[in-house]
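First subunit A sits with subunit B, and in the next complex the same chain sits with subunit C.
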Partner chain A sequence: MDELRFSARVTSRPDGQADVRVRKRSFEVGAPLTFDNAYDGITAVEQLLGSLGADLVNGLLNRAKKRRVEIDSAEATVEGELDNALMYLDVVGEKGTTAIKRISVRLYVSTFATAEAVKAVWAETLQRSPLANTLKRAVKLDISMKIAI
Partner chain B sequence: MRKLPLFPVTMVGSWPRSNELLRAQKLKRAGQLSAAEFEKLADEAVLEVLRLQEKAGVDIVTDGEQRRDNFYSFVSEKLGGVKLMTLAEMLDIIEDKEAFEKILKTLDVPAYSLSNPTCVGKIERKTPLALNELQFLKKHTTKPVKIPLPGPYLLTRAMFVKEVTKKVYKSKEELAVDVVRILRDEIRELIEAGADFIQFDEPVLTEVAFSRGKTRTFMCASLAASGDPTKELEFAVSLINQVLEGLPPVFTGLHICRGNWSKDESTLLEGTYAPLKPWLERLNVKQLVLEYATERAGDAMAFGGKSLGLGVCNPRTDVIERPEEIVEMVEKALKLYAPEQIYLNPDCGFGTFSNSPVATSGIAALKMQAIARAAKELRKRNKSMNRSK
Partner chain C sequence: MAKPIIIGAVLYDPKVSVIWDIIREFFDQNGCPCDVVFFTNYELQVKALMDGQVDIAWNSPLAWVDAQRQSKGTCRAIAMRDTDQDRVSHIITRRQGGPKTLLDLKGKALAVGAKDSPQATLIPVGLLQRAGLTPEKDFKVRRFDLLVGKHGDHIGGELEAFKCLEKGEAAACAMLDMNWERWSGDGTIDPGQFGILATTDRFDHCVFTVRKDFPKALEKKWLKVLFSMSYDNPKHREMMDMEGLKQWRPGRTTGFGPLSEAVEKQKFFKKGR
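And now, the complex of A and B:
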């Protein structure tokens, strides 16, 4: 079924960035990853982490709306840890892979709704998250949620 | 100040806000509730906090900072040239994003939940900072009133966010001139209106002294990249003394603590007052309001020429301190201070940040009751000691 497939067209640019076109929108992504804080681009790894956070934050808010649970705002911090970063830097003698071995997500929810209502919506969100459900098959995925007023 | 019993019991400042008041704060910020409607709700909240303090036996009351979102950022509503910015907004403009991310992670809070009063224009007092709080309390209590105010160092350091402030003030020292002037005007009015106790909150002094080489934890913009602690402490002393110089006499205090944003003590700063002592003794305040219930603060020590606001209960724990424990703490302090030099208070507020209070109203009330019971016992002991002399 075509509606189950999603695609992006990614085209390289001379400046080391890539243009990503999806449907009628586009955005740019830089190097696979960087250890340089001054690097002027968004890396593929950062995009992945940001996408997972957005999946959960927006997923939660959409689901809360459906269930009529009032949520003022939500914010996620997402951290990924590489198995061996030195492999990416071609350090001779290093073993392991450049895979992300662990991702941790801390989600903050601002709401006056009851904790039970928020937890129920959160459970539904996790159950239906495309990215969280995909990533948990490949990496150790730690996800926690904190309610703050 | 009016005559007080020995070992007067007082608050540091804040009391946990009700959900109704927190919701109203949010609606007001979003422009969905008028200031007048908010004040009406806040009046009721203050009266309830006042009732709880009076019932507990508090001798010097506060309004529980019910009208404020926290102990310092509320000034953004009162001052022209100051914008309340959430950390989420500040992350877009500041250079040292990594340091801010570390702070947020340590505090375990979202960026939208913390706000900083950021100087974006020439600062001026649109309305008094706390005069309305004092006037309202005076109408409803006969007890002496304490007014906590953010100190000049805290305000200057928090408000000076170089990425936006430098367009108006070239340096933090230049901004401080206006901060000092504004606080002096405020204090003059508070004295005229009958404030009994004015307390400056300068918790960032512990950041300066204790967090070198560690992740900074206090939400105070420029401190994330501040320099030499000695220079910072000199700057702080000079500002506080400038604020008080030549003003009519009033009882003044300075409160410092090691953080009050989490019940997880391991995330808070640690260290005795020893490194701060030379600077604290030079402050022209009458009292140091210090935390001592937490072990992180070390043992009580004497400060030349100052009375002590002795922190005898930890606002972050759910266990209520026993009056006997409090009496024991005071007995130790009595080796360094005369009885009339000791006031009893919690280590800090119970709801420093309105959206993340460290205690419930119920716990706060029980802790204040325990302090008041201990004060009673201490007065009794002191009386019988005097008789036997």
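And now, the complex of A and C:
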């Protein structure tokens, strides 16, 4: 079987954003990261964190549907921490890298299903998550799930 | 395009870089392009200023004293914030049962900030020295060395010093007047329990510093743009609020006496940093 590849085409724009085209859809990404709360764009780092959260939230709901476990909704808060953010700003004398060193995900599930059923689907979700499985090889990944009725 | 003027600044928090982005853009828009180089500590920044790698250094008061020391008094202090002028530090104690005079600190502990903090360590310790007390002989110095090298830019050391007083592990602590006002206003400090025992002489804080060979014409052009910032202009106000000023003022060198005296008495540069 040929290797299945997924692709995106990314094009710069004069305003500092980039257009990302995938299949017949597109979205925009801004600077690699920002320290300015008023920055008008979504950074690459924020996209990464959002993508991981979406992978887990949507992955969980898709698998729950498949296993006929009823879940009303799920919400994830995702936080990432750089090894040394000052390196991004070229601060003379700083040490370290701009790599993300730690990501924590807190996932909250709203459901009347049994905890046992939800936990089984959640375990399956983690086993099959493309992003969680990739990132756990590169960063300290701390993921937890809590059931809320 | 004219060659940009290189400004040096010490950065302890990435969010502070946003202020410098605004300043850089402002100077660009006003025909005086600047680039900003960030340093992790003032020692590196002063070295870069001396070596000609930066044209203008945004120096802490201690970095100013160091630059003057290294340049044999030839640097120029060209601009500072209104809020950099005439600051004081307070010695804070408990109102009930605390020392009533500086001499009452004999045999007790004074909690201070980082070892290179002018406002939270060097100048307040200097005040006790003026009163005739010798550190580590007449009184113990409880130092909170947070982010050494950044000259007390980060308020963490001062706050830890106050907590030390609050826990009863020191008889007094030192802090900048602005922090006393802020913390006694926001509930961090209960002014009913803690009060000011003594206050230092007035001193000046940060200052834009240039070497003697920085061209006067370029300095004039740069200062003209800097001084054109107005707190009445909403676009300028955002940055000025972030940087904590209402007006840029010409630099002066008359406000570094208490620090120079403290550095000398405490042999700060001789002891190594």
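In this section, the second predicted complex is superposed on the first by the 146 of 149 C-alpha atoms of A that agree within 3 Å, B and C clash if a C-alpha of one lies under 4 Å from a C-alpha of the other, contacts with A are read in each partner's own complex, and residues count from 1 in each chain.
Keep in mind that, in the parts below, a contact is a pair of C-beta atoms (placed from the backbone, for glycine too) under 8 Å apart; a residue touches a chain by one contact, two chains touch by 3 or more.
Treat the numbers as computed from the prediction; the structure is a model and nothing was measured.
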Open item on the list: Contact-wise, after the overlay, does A:35 reach subunit B, subunit C, both or neither (first, second, both, neither)?
Closed with: second
- [ ] Scan A:72 for contacts with subunit B and subunit C and give back first, second, both or neither.
- [x] first
- [ ] Please work out whether A:93 is in contact with subunit B alone, subunit C alone, both, or neither, and reply first, second, both or neither.
- [x] second
Task: Which of subunit B and subunit C A:20 touches, first, second, both or neither - done: neither
Open item on the list: For A:85, using the defined touch cut-off, is the partner it touches subunit B, subunit C, both, or neither? Pick first, second, both or neither.
Closed with: second
Open item on the list: Just to be sure I read the superposition right, which of the two partners does A:117 touch: subunit B = first, subunit C = second, or both, or neither?
Closed with: neither
Open item on the list: Shared contact residues on subunit A, subunit B side and subunit C side combined as an intersection?
Closed with: none
Open item on the list: Which stretch or stretches of subunit A touch subunit C in the complex?
Closed with: 35-36, 85-86, 88-94
Open item on the list: Can you tell me which positions in subunit B touch subunit A when the two form their complex?
Closed with: 19, 22-23, 26, 88, 98, 104-105, 108-113, 355-356
Open item on the list: Considering only the defined contacts, which subunit C positions touch subunit A in the complex?
Closed with: 11, 14-15, 17-18, 21, 37-41, 44-45, 48
Open item on the list: Show me the residue ranges of subunit A that touch subunit B in the complex, using the header's touch definition.
Closed with: 37, 72-75, 77, 106, 108, 110, 112, 146, 148-149
